[in-house]
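Some structures are shown below for you to check.
Both of the next two complexes hold chain A, though its partner changes from chain B to chain C.
Then we have the complex of A and B:
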């Protein structure tokens, strides 16, 4: 077989150092990409019984990412990262111990709200507010075993939130 | 790993696309794709060879996009193969590079993968997403187009 003149074009890979600023920028991007926290939001709740709390949040669709010690667990539901801590592990310098409860809450989107609330209630979950219809959503307030509030909502016709395409 | 692989990937891309801007973009795409792959835990062991393979895919994608944007500018390439039009024995490699830049995206991609990288026809077919048979046709047409432009620009000297 005769040699192909185009074989003369063979071009081995010759390393070329890119501009240092480019190399540094790309390294920075690599180091900050990978981490799963890219667009996730994190909320911490205090609970006095970690086992009971983990079981409760599993019912709501969370899965356990980490449970490295008896005083802490890390859960995920979609992009929401939920940290559960035993209060004594966060005692302040002046002795103040944080406590569960209050009215601030995470809000979780669900389908078939009434059905889910019925099931949870039958399983012994405390309800602070039965399902009711608001503007754009139907929602209910339930409590985790430590008394932290969780809002469950189901979108109605007028519902709105920012969609992926609108994010800058 | 990054320090060692970066000049290889960048050098590979720069020598094939001839543009610092494009080479930087594609280098970044290549490394970010590698990061994604590593996260999925299904990636093969990270080697320079594997990164070059990813870079080659990025390059083919780039030529495909360029082709869509510049279709009207591309040289007419429907001519047949080079059957009766032998090449000069000695090529002016720089001249070929200049002429390559004027070919359409698929033709440039096929020729560079086949001759710069020394891939087999079957390997070229995988990268450009065509059958082996279609790739043979593509290569023959690309060679024909290259041949014609090369003759127009530089004559033959033999």
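Then we have the complex of A and C:
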């Protein structure tokens, strides 16, 4: 019997062994694709009054994503996820209760800083530091109703996003 | 590219840079002055400022004389794949902890401190759909 001359051009059929580990790894990669970078920009602030805090941060352009309980809210502004927690819900095993305040802060880029600060101040928002000019930026420090610090900054002409311009 | 910026006040910028790059995988973007550095990790840019005199930038003493300092409870979170392993590794390196692992609604958390005593939240999500939810 003469062989079909086209057989030489056909790809051989090779039985494939099922590989559960490969499938599991692939599933894991698909489920987690892209998520770590987004999840890396998460900040938690402690607040005494969740309603007052949510109202305040909405003024700064945050959207409420979740409000699942009286002690927690999840807000977004761009890629920043801000978690607001009532202190008692995070009491440590030794009884230590966290609290609002301190000097560490999120730093939000805005346009028309002086106008925004004027509006916030007229609305009763406390300033810790009036707008001042640094290296490449103009910045101000405001406090949320619980006394947490928020830094607002507006780039000036000398500002450069990647390599410098940030005030020391 | 970093799209979110957080500023931490640290007592010693060089010590802080070593901590954040070695223990938590941050990259040093710039360190143009002894009182300032800019680090990044994914979408998070972390700027470090040491307390300094008036009109010196993020660590400035205020007009009323108040000076910034490290500490407090507000913090950023770092997501980790295996919090148990990460904790063991950090303890081995002498890193300070505040309390033990907290079992939250959407994941497991632990709070560590940088050399200046600033808190950082380690977080391992246990529910893919929750990815850091309440509590």
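Definition applied: the second predicted complex is superposed on the first by the 130 of 168 C-alpha atoms of A that agree within 3 Å, B and C clash if a C-alpha of one lies under 4 Å from a C-alpha of the other, contacts with A are read in each partner's own complex, and residues count from 1 in each chain.
The rule is simple: contacts are C-beta pairs under 8 Å (C-beta built on N, C-alpha and C of every residue); 3 or more make two chains touch, one makes a residue touch a chain.
No experiment lies behind these values; they were computed from the predicted model shown.
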Contact-wise, after the overlay, does A:28 reach chain B, chain C, both or neither (first, second, both, neither)? neither
Go through the superposed model and pick first if A:126 touches only chain B, second if only chain C, both, or neither. neither
Comparison of chain B and chain C by chain A residues contacted: C
Is A:115 touching anything from chain B or chain C once the two structures are fitted on A? First, second, both or neither. neither
State whether A:9 touches chain B only (first), chain C only (second), both chains, or neither. first
Where does A:135 make contact in the superposed view: on chain B (first), on chain C (second), on both, or on neither? second
What is the contact status of A:18 with respect to chain B (first) and chain C (second): first, second, both, or neither? first
By the touch definition above, which chain A residues appear in both interfaces, chain B in one complex and chain C in the other? 36
Which residues of chain A touch chain C once you look at their complex with the stated criterion? 31-32, 35-46, 66, 68-69, 71-72, 74, 78-81, 83, 85, 87, 89-90, 92-94, 96, 98-109, 128-130, 132, 134-135, 139, 148, 151, 162-164, 166-168
Of chain C, residues touching chain A in the complex: 3-9, 29-30, 32-33, 35-36, 38, 41-44, 47, 49, 52, 55-60, 62-63, 66, 68-79, 98-100, 102, 118, 121, 123, 125, 128, 131-135
Chain B-facing residues of chain A, complex: 5-11, 13-19, 22-23, 26-27, 29-30, 33-34, 36
Quick check on the complex: what are the chain B residues that touch chain A? 2, 6-8, 10-12, 14-16, 20, 23-24, 27-28, 31-32, 35-36, 38-39, 52, 87-91, 93, 96, 111, 114-118, 143
